[in-house]
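Here subunit A shows up in two complexes: once beside subunit B, once beside subunit C.
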Partner chain A sequence: MLATIVRKEFTEMMRDGRFRSSAAITMALLLGAFALGWQHYSEVNAQHEAARKSTRQDWLHQGDKNPHSAAHYGVYAFKPKMPLSLVDHGVDPYVGVASWLEAHKQNEFRFKPAQDATAIQRLGEMTGATVLQLLIPMLIVLLTFPAFSSEREQGTLRQLLSLGVRPAQLAWGKALGIALALSVLLVPATLLGSAALALSADQGAMAASWPRAAIMALGYLAYFAFFVAISLAVSAVAPSSRFALVALLGVWIFNGLVVPKAVSDIARLLHPTPSAMEFARQIEHDIENGINGHDTTDQRAEELKQRLLKQYNVDSVEKLPVNFNGIRMQEGEEHGNDVFDKHYTALWQTFERQRQVHELAALAAPVLAVRSLSMSMAGTDFAQHAHFAKAAEEYRRVLNRKMNLEIAHHQKPDDSGFTRGEDFWATMPDFQYTAPDLAWILSRQRLSLALLAGWMVASLVAMAAAAGKMRV
Partner chain B sequence: MLEAQNLSKTYSGTPALHPLSLKIEPGEVYCLLGANGAGKTTTINLFLNFIEPTSGTALVNGLDVVQQPLESKRRLAYIPEQVMLYRNLTGLENLEYFTALGSTETFSKGQLLAFLDEAGLPAGAAEKRVSTYSKGMRQKVGIAIASAKGAKALLLDEPTSGLDPKASNEFSALLKRLSDGGAAILMATHDLFRAKETGTRVGIMKHGRMMAELRTEEFGHADLERVYLEHMHD
Partner chain C sequence: MLFNIIRNDWRNLRADRSLWIIGALLAVLIGYGVHNGGAWVRFQQDTLTQAAEEEAGRLTLIKTSIESANAGRANPPSWRDPRNPFAVGNTQAAHYVSMPPAPLAALAVGQSDLLPYYFKLSLKSRDTLLGNDEIENPVHLLSGRFDLAFVIIYLFPLLVLALSYNLISSEKEDGTLAMTLSQPVRLGTLAWGKAGFRALFILALSTLISLAGTLASGVNLSAAGASPRFLLWVAVVAAYGAFWFAAAVAVNALGRSSATNAIALAGLWLGFVLLIPALLNVTVKALHPVPSRVELIQAMRVASDDITRQRSQLMAKYLEDHPEFAAATDDSMAQYAIRTAAILDELDRRVQPVLATFDEQLTLQQAMVDRYRFLSPAILVQSALYDLAGTNLYRYRHFLHLTEQFHAAWRTHFEPLIARNVRLTPAHINSLPRFHFQEEPFQAVFTRTTAALAGLGLSALLAAALSAWWLRRYPVAA
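Here is the complex of A and B:
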């Protein structure tokens, strides 16, 4: 019997011009978003690959110079783009994808598309994630709101219920019929997207992407199921189709626009982050004056000098067996690292607390749960950004230490022309980044997964209950 | 078999149906007569469990419709004044759908077409979408749905209103066949002539109260009209 209901709902929908046109529009948008994402991904990937190679070549062929100058010359670290990032850009446009690793400074990430975007673009960037998180739910609402209410208005519901059909079964049949109609739209889009990916991405990245793509797809399916179920529930109990539509658009706006916006503001209020300028100023201040505030650079240099003179039992820096400048620079570097650690740890803790607010707010709007899951599977969430940033910073510190120690151990105090060349630059291994594995990512998505599943189950229960309460 | 035991319905203090007791045996066609608002549709809605009785019970084949809402409905068929169908489906698809949901039997396409043909749907219309149908054609699909269900109890709410005399006549013939097959039929109607022709008993209702019950075989058509008008006279 369920199959009969599903088939009838599906047939009716396929013959409905409204379904055909709205599905065609959504399909076009989804494919367009995927195509743009794909083009962006292949382009950026090629650029990254080229830039990665060229930054290494630049490093190797920077010529003979003092290692400290080389540290200033620096290298760029590029965050690898996962194939699935074409579906969901996540926080990438805001946090950037490349970092310049140089002496003395832990740099902010660069190349943030959001910086170059106009205000209007920020509202309307058409990505796969936008279509999946906002437009498809809208399509579901538009297709589903009259499911029961218009049958009641047209009188078919009386006849249907006079047959002795269990109302909950009708609801399940309608839900599955709508799911089947949506799959006509989503399955080809998914297949096309996967095919495009499989053709363009390298095999290693693709192999890691399939399980993530599957989890992402399941997440979106659960999210769609929520919208189908809640639409049917409202349609079953609403006094009229018009009422059902207005109520469901309310749900859609609340979920997709009101809560996400409000939560960003609330998270910022609860856990304020310093402005970029203020953040830089604090770091500069601490580097200058010491973490405790009364330990200036000059004092530290003087202390270091006294310590070294005592250690090597000499009376002037010229007589030291090591190059004082190299040691001093490395000391300064390590002091700077402590300052960076202090400030960046605090900053990232604040971001993490903001993220927790977003995560919890999924109790009010399932879109926040699916968004978090989607970004994490696409490799574009903040956790994976921070993971990369830490690895890049680690590399920067190793590089600087290597340059400073080379000076400390090999530069004579009076040798102002001390240089090193390609042979030495090559002893610094290239930056290799291993992205976190799926288990690492999933362990950070437990709450979002649980809330998404919770929303789906709750909405299905509500659907069955509302159908049971339905009057003709 | 359809049975009402002291069945009544009150809407916020206003009685829509005063306690009614009624028993319709297999093979009987009971016609409810009365003006609009007399309680005919309320009675039918109570048998369908679409509204809850204020007191009393409605039984379909001995099953209490409130206690066993699904099982009791499986034993009855309902034809409203306007049979409403899915516009984007053909007549055949509508019949197939309602039959699949309402009947335990499964029918072949040939059998379903035979039901439509028997109900008088013009040949060739079965495969057309219902949005092109006239009221009479939709009514005939409704009849086909009812006869395919093979129900032992029929609830008809002014099923012939708006039908032309020929269609109305065909409908009566069909009712006769169903009642000969052992169905208990309760039909609300305004059509005194049709009531006399097809009904075995007639109940005249007014303001939610049963005023008189007659056996049609004991009265001529003119008598029925006279009795009816007497009761309608305030």
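Here is the complex of A and C:
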């Protein structure tokens, strides 16, 4: 019996001109978005790869100079893109593309791609994520809202049930029929998306991408299942098709547009971030006065001097076996690192709390759960940006330490022409970034995964219950 | 007769409970949107006040340090000497140039969450201005803010459609249409009576939305340029409402069922509000791609390396990084200052063409968006509202332009002082150049927004003409 219902629904849908045209449009948009995403990914990746090599060459061939000058010259860190970012750009347009790793200072990532765009960017971007999170649910709503209500209006519902079909069975049959019809759209799109993925990435990145792609796909399937089930449930209990449609459009708008925006403002209200000016001023203040507020730079230098003089049992800085400036600069770096750690940790904790508000808000709108999961699998969420930023900062610290210690141990106090050259620059290994593995990412998505699964199950239960209570 | 129709319609509307629920919901959304916009404006204002205070304190400190150095109470190293014009112009007296929020800024956050609204300006090269972003969680930038403009662009059309998608079709479905038309009344009179009344209702609603929003956000309508902007704002919202209403009547006039009307209108909404903007965005970016910032970074590095190499005596470079290590006499410090100023000039000259390409491409993008915004009423409304609120690219670029002029003036002011190695006095500090933001001429805003307004009006008229045309052949019998 179930098979008959599924077949009937599927056939009916495939013969429906509205389904064919809207599915064709959605498919075209999805494939177009994948193609654009693929092009963007390959372009950006090539640029970053070239820039990465070039910043290393610049470092190696910067000429003979004092190691501290070399630290000031520094290197740039460019965040690599993951292949799956072709599906979901996530926050990538809204975070800077590069950070300058120089002496004394942890720099922000500069140049947000969205700043080089017009305001229509804010109305919507044609990405795979937009199609999957907004358009396909709309398609589902438009196809599914009359499922029960129009059968009732046409009088076929009474006939059907008189044949002994159980309402729940009917609901499952319809759901599967719609799912089958959707798969006509989704399966080719997934295959072509996978082909694009296979074309764009090298072996290593590929192997890491498949499980992520699979999880992402499962996430979207659960999200679609929610929309199918909720549409059927509403259709079953709605007094009319018209009512069902209006109610479901309301759900769609609330879920896709209202909640994501509204939550941003709530999150900021609950966990405000400091202004950039305040943030910079506090860092400056702590660097100058010490984290505890009463160790000024001059006092710290004096203390260091006394400590070293005592340690080496000499009476002047010139007689020290180490270069005082090198030691002093490294102490300064380490003090700066503590200050940066304190403030960036606090800022990123605030971001993390804001993220938790977004995550919890998925209780009101499942799109937030699927969006979070999708971005994390695509490697375009903030957590992975921060992961890269931390790795870059770590590299900056190692580099500075190496330069300062070279001065400390090899520069004579009176040797103002002390230099190092390419041989020494080459002993600083290139910046190699290892992206977090799947377990790391998944551990941050537990709540989103649970809420997504919860929404799916709850909507299916609601569907079965609504079918049972259906007015005939 | 017309009066009867209107009165009857009003009674119907009043009796419809869902309308009041929607109305209440709308009031909540407006309140929330305006609150958010207002909070953001206050945040910006507070930051700018703090900046001004911090700067004033810094300048006072410079003056007292000059006096104590002159009196011999302090002996700062020359790179930190408040009497050294390079030290003052390059760091100590760095000046905040700022673009305060425009009078209606609380109504539309627009691009202002993404673009800087102040710069800390000094003798340093112009590219150092580029990274001055406000701190914001990127996820929030991705979602965008919930402001009044969002309510108007996305939700207001839905409210209009909810009021009008079954304007005529429901009469037909309830069987009242044939009955009413059996009275001595023509379909045209009935349709236009109902439509005209609701149009007035929607007009009143749109004015109310804007007015309530404006008052609730504490916008000062007596501020310079505020009231003409506000009137244009109301006109834009009303024209947008009129367009959606006329579209609903047109769809009704085709004589399909209420559910079909709803689908058609939802499709139109999706197309205008989501799809066309997204497709236009993609097209614009593909036709006028902005060069890669990653390549800009490389170009700047090459330029500065070149410049460095031109006079790369090792000692000089070392001193440049840490002049405090050398037993700097005033003369060598002056040389250092002059050389650095020259390098900064040269760097700006080299980087300028690269930065200009970004500017040119973005100008082309904006021009294309301006040309094709007539494809979608939603884009027209967005461009007009952001423009009136002063949170769009145009005002930002105007600010950028002023900043660049001021940067040049700042350099012109300091270069002779540096070259002649003048020892600064408190009087010098009192007469530093100050930046005053000059609002973009209203004429420009007016031209752009009235073009959008005309586009909206035309779309509404076109939809109304279609409705009139289709209504004449309306099938009254099912």
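Side notes on the structure shown:
We take it that the second predicted complex is superposed on the first by the 471 of 472 C-alpha atoms of A that agree within 3 Å, B and C clash if a C-alpha of one lies under 4 Å from a C-alpha of the other, contacts with A are read in each partner's own complex, and residues count from 1 in each chain.
The rule is simple: contacts are C-beta pairs under 8 Å (C-beta built on N, C-alpha and C of every residue); 3 or more make two chains touch, one makes a residue touch a chain.
Just so it is clear, the model here is predicted, and its values are computed rather than measured.
Contacts of A:G204 after superposition on the shared chain: neither subunit B nor subunit C is touched. In the superposed model, A:T156 lies in contact with subunit B only, and not with subunit C. When the two complexes are overlaid on their common chain A, residue A:I5 makes contact with subunit B while staying clear of subunit C. Touching more residues of subunit A than its counterpart among subunit B and subunit C is C.
Touch criterion met: A:Q354 reaches subunit C, while subunit B stays clear of it. Judged by the touch definition given at the top, the superposed model places A:T130 against subunit C, while subunit B stays out of reach. By the document's definition of touching, neither partner reaches A:P321: not subunit B, not subunit C. Shared contact residues of subunit A with subunit B and subunit C: none. Within the complex formed with subunit B, the residues of subunit A that make contact are 1, 4-5, 8, 11-12, 15-16, 154-156, 158-166, 471-472. For subunit B in complex with subunit A, the residues that touch the partner chain are 48, 50, 69-74, 76-78, 80, 82-86, 88-89, 93, 97-98, 100-102, 142, 145, 149, 155. Residues 29, 32, 36, 39, 43, 46-47, 50-51, 54, 110-111, 114-115, 130-146, 150, 153-155, 158, 162, 166, 257-259, 262-263, 266-267, 270, 273-275, 277-282, 284-285, 290, 292-298, 301, 305, 309, 312, 314-315, 317-318, 321-322, 325-326, 358, 361-362, 365-366, 369, 373, 378-379, 382-383, 386, 392-393 of subunit C are the ones that touch subunit A when the two sit in their complex.
Only residues 29, 36, 44, 47-48, 51, 54-55, 58, 62-66, 68-69, 72, 76, 78, 90-91, 93-98, 107-108, 110-126, 130, 134-135, 138, 142, 146, 240-242, 245-246, 249, 253, 257-258, 260-265, 267-269, 273-279, 281, 325, 347, 351, 354-355, 358, 382, 385, 416-417, 419 of subunit A touch subunit C when the two sit together in their complex.
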